[in-house]
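The two complexes that follow have chain A in common; it is paired with chain B in the first and with chain C in the second.
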Partner chain A sequence: MDIIQIPSVWALAILLVFGALWVAFGWWLGKKNNSLDDFMLAGRNVGFAFATATAMATWITSNTTLVAPQLTYQFGIWGMVGYSMAALGLILFAPLATRIKSLMPNGYTCGDFIRQRYGRFAWYVFLIVSMFYAFGWLVSLGMAGGILLSALSGIDYYIGMSAILLICVLYTLLGGLRAVIATDFIQTIIILLGVLWIAYVCLQDVGLEKIYSSVSHESPELLNLLFPAAIMFLFNNIFFGIGEIFHSNVWWSRAFAFKKDVGKKSFLLSGLLWFPIPIVTGFIALSAPALNIYPPTADMIGPLVAAKLLGEIGAIFVFVVVFSALASSLDSLLAATSDLLTKDIYKGLINKKASKQQLLRVSKITIVSLGIVTWILCLPRVTTLGELLNFTGAFVASTIWPIVFGLYQRRLNGLYAGLAMLIGTSLGLVGYFTIGFYVAALISCLFSLIICLIGIWLKNANFQWENLNESNKKQAGEM
Partner chain B sequence: MSLKRWFALVIIAGISHFSCAAEGGERALLPVEQTSSEGYFTLKWDPSISNNNTQLQMSLNRDFRQILQSYPLPSEGKITLSGYATGDYYFRLHNLSPNHQPENIQSHALVKVSHRSLESAIQLFILGILLFAGLVVCIFKFSKSESSI
Partner chain C sequence: MSISITWFELLINVALGIAVLAPIVLITLVIIDLKKEQLW
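Take a look at the complex of A and B:
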């Protein structure tokens, strides 16, 4: 089966040209950064268009361009639909973003909120959960870069993975969140045009009838709406997506960075616009049998089908689209995780009297360190992207209820919030290893809710909301 | 258990393991037997075998009386297949030599697909709906009464 489409030299040239463009753009934008707020939160002044684009582009990632086709290839129709349901995370975060901005107008990270709302025990648990997720996602993105290059050009996995990490670290380092948001805007346009073109060519060249007949002949379960594992996967993916967004500093930093009253509208719109994209990217995986494509690993199915459909020129375009999607998420995650480590670990635990200049320097060192650690973790390609991502589902889904109750409900205290995350994650992992990766988030979310409800019933923390704002004012003044 | 008997058992186990390994070494397609609860699975072989003359064949019978499907081999030395219904599937690598004389490279690999129970899947589905509805109602109600909190 001949699957290599782009000559290696071309692939490297594209990588260098786009890499240089993003890095130069990051450097140019970085010149406008005068303060820590500028670097970490783009001056807290992001308008509606950029806000919507960055929310959408960040959510279009290796998940959408590589994992959505993988899950469609594994779980069929439900895999495709289930994946698109991750849009609900963005939609449900819309009201939360307004609440976050009104409770903590001077806030920096989600860790700030958890520490002030719940105290140290819950904060420690939350940081562990966040770090597992952040590294799971970072590693999946680095791996995706390597997989993409090897699928489309035959270049070694390690070269592709190293190149994409290096480029993203460089422009995030130079431009901060401002560069991340601006590049996201351009990347969104490239991604949308690319995805639509691939789907159009797929329908034109292969046709629905041929796709249906070949899938029903060779892989009948993919069209079966009573496919048991796929039914289990559906709600698991919804809670995984919601957990990812609700807990992650990638999204909280955007809630802090967007102008007042922009967050709700932009998260809602980006969710609605994102919803059909996994359907489109997933759909092309169903055409694999009709095109006589059978991948070595399930996560390579998307690029392989696209490259076969579009030929050599098309493969270059696919390469640019997926590279943009990966970069738009990787930079956001690097920036947000660096904020969390700088603000929560360095300032919160190591150097409580750190000045703004010190924090800015630590933030940049952290971005580089994150890149290096991710690179090391990507070296042994241990599992498929889908399985790696869903492993983190057990962690993030446990935070959904503590975040929701924490933002709106005075009664839940830190002990039960921490226990909810701890027990939810543990039982989610039991489900991951005993049943399958497609139940971990659902189990985690369920048990986390039970612990939260017990906590609310047993004890009333009677938290005062004013404490959040006062504490943040104090911190902003110190910084 | 006496020490003598224990040693005898260890030696027998060692010999049988050695003979199994030798038999496994002749096989090109791995794993020799696997089960799948989701209808997708991966088969591996020595990548040097991958060429245009070699195919992966699937049959419902151990003797490959009827070949139901033939797959081209990815050059990476492994293939992931999906969407299989419950049942036993036999696979083998089959080399169609230039003079069109079929030559089987090895004996078969067996994949047993046994999907999870639909009943438990639907129970989890209903649980998911209830949990999701609860979350939406909570966020909606909390947001409505936000100003009063």
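Take a look at the complex of A and C:
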């Protein structure tokens, strides 16, 4: 069965209209930006509503709308529940966000924290892990933009990929984090309404009983609660999700940007509201046997079911939802990676005496450069979204314990924190290549924990928390 | 051991219920913040 595609002209019109809207919105919001803090951190004054929406929208990526159905189709019940467990990353980050804001009220990036808390060795390792993940995610989102928009509408891969990158770069450049957060709110509402509408039609036209009986008849293993690979996937996904959020500047920049006392409740609420989304997008995939849909590749199961249920209108809706999901993550990643490159690489290594005005200029140049580099890396279309992201699981899961102990434990020193990330990542990659993608994050996280515990046991760094704030105040004063 | 129809329906219905609440909660929060001039 072929996917129903919307005409290319319509797809281009949607891209043009939404693109123009986001860019105009970004330009309008950018008029309020007068300083580096305004541009990078939305004035450090983001309220509860926008804070919750941006956390939720950034975590709803094209993966949530397309890979969650694919995993449900492959792993059944545990596929969708396992994917939902990624909400734990947001929920567990809630107390960390408060701690981050209280320890570093003037901080800018997660790199700032690692450098001041652990010193240069751990900082270098962390930057490599962080950059690898950021570029992996950026490239996978860019490629997903091209592949998905092309599959849904027939427009050329290069046009879809270039359009989504250009639109996101433009409005992030014009409006900074303020534009990213405001567009995230609208994109979240669009995504939620789109997903709910498809789910409603699915319930009306097929019904849960029919879905259950057809799956238990045709693919009973999908309802099996003791499906080994699926259970491994569930645990792996928990640590992958936690690692992604705990280490990434996408989330740290939000912790710095949110108003005092907003971080904890907004991350908690966004996690609770995000939790059911993969289950909703996943159960739609389970209706495939009842609808006699047998996709050529599992990753197109979501759009195929939506198109079958809603026809051409459904295809348009899926197109808009996917575009919104891609943009809501891509813009956040562009802004956060640019902050990291500007503050940690440019200010930290190249020009230590850079003024705030210089940093603002460099930050904008970096956003454009990131867009161009991502575009170039997306040209060959080398791998799939899932493969690239699963590979980064080994990297990000190794950072969980160094971050947690770094925020709450005085004893862990930089050498062991750096080694934990280095060895955790290496062994996670060994697991990835020798066992499978579904153990990489688990292994990485486990060995990183062991090394951190050894470090805490052997040495006492006796770190003074005040140093973080003192050092930040000094930096803020210098700039 | 397979999930029973009852638990399957419960899982999906609870997920759908929270998902329906999500946009309502977000829009309500924005209206409240807007009225209190606390968006930013």
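Odds and ends about this structure:
Definition applied: the second predicted complex is superposed on the first by the 463 of 479 C-alpha atoms of A that agree within 3 Å, B and C clash if a C-alpha of one lies under 4 Å from a C-alpha of the other, contacts with A are read in each partner's own complex, and residues count from 1 in each chain.
In this text, contacts are C-beta pairs under 8 Å (C-beta built on N, C-alpha and C of every residue); 3 or more make two chains touch, one makes a residue touch a chain.
Keep in mind that this is a model prediction, so the values were computed, not measured.
By the document's definition of touching, of the two partners only chain B reaches A:Asn292; chain C does not. Within the superposed three-chain model, A:Tyr73 lies in touch with chain B and out of touch with chain C [touch as defined at top].
Residue contacts after overlaying the shared chain place A:Val439 against chain B, while chain C stays out of touching range.
In the superposed model, A:Leu449 lies in contact with chain B only, and not with chain C. Contacts of A:Arg99 after superposition on the shared chain: chain B is touched, whereas chain C is not. Once the two complexes are laid over each other on the shared chain, residue contacts for A:Pro220 go to chain B and to chain C alike. Of the two partner chains placed around the shared chain by superposition, chain B is the only one that A:Phe235 touches, whereas chain C remains out of contact. Chain A residues in contact with chain B (one complex) as well as with chain C (other complex) are 220, 223-224, 226. On the chain C side of its complex with chain A, the touching residues are 1-3, 5, 8-9, 11-23, 25-27, 29-30, 32-34, 38-40.
Per the touch definition, chain A reaches chain B in the complex via residues 1, 3, 73-76, 92, 95-96, 98-99, 215, 218-224, 226-229, 231-232, 234-236, 238-239, 242, 292, 294-298, 400-401, 404, 407-410, 436, 439, 442, 445-446, 449, 465. By the touch criterion stated above, chain B contacts chain A in their complex at residues 37-40, 42, 69, 71-85, 115-118, 120-122, 124-125, 127-129, 131-132, 134-136, 138-140, 142-143, 146, 149.
Within the complex formed with chain C, the chain A residues making contact are 32, 42-43, 45-50, 52-53, 56, 77, 81, 84, 178, 185, 188-189, 192-193, 195-196, 199, 203, 208-209, 212, 216, 220, 223-226, 259, 269, 272-273, 275-277, 279-280, 283.
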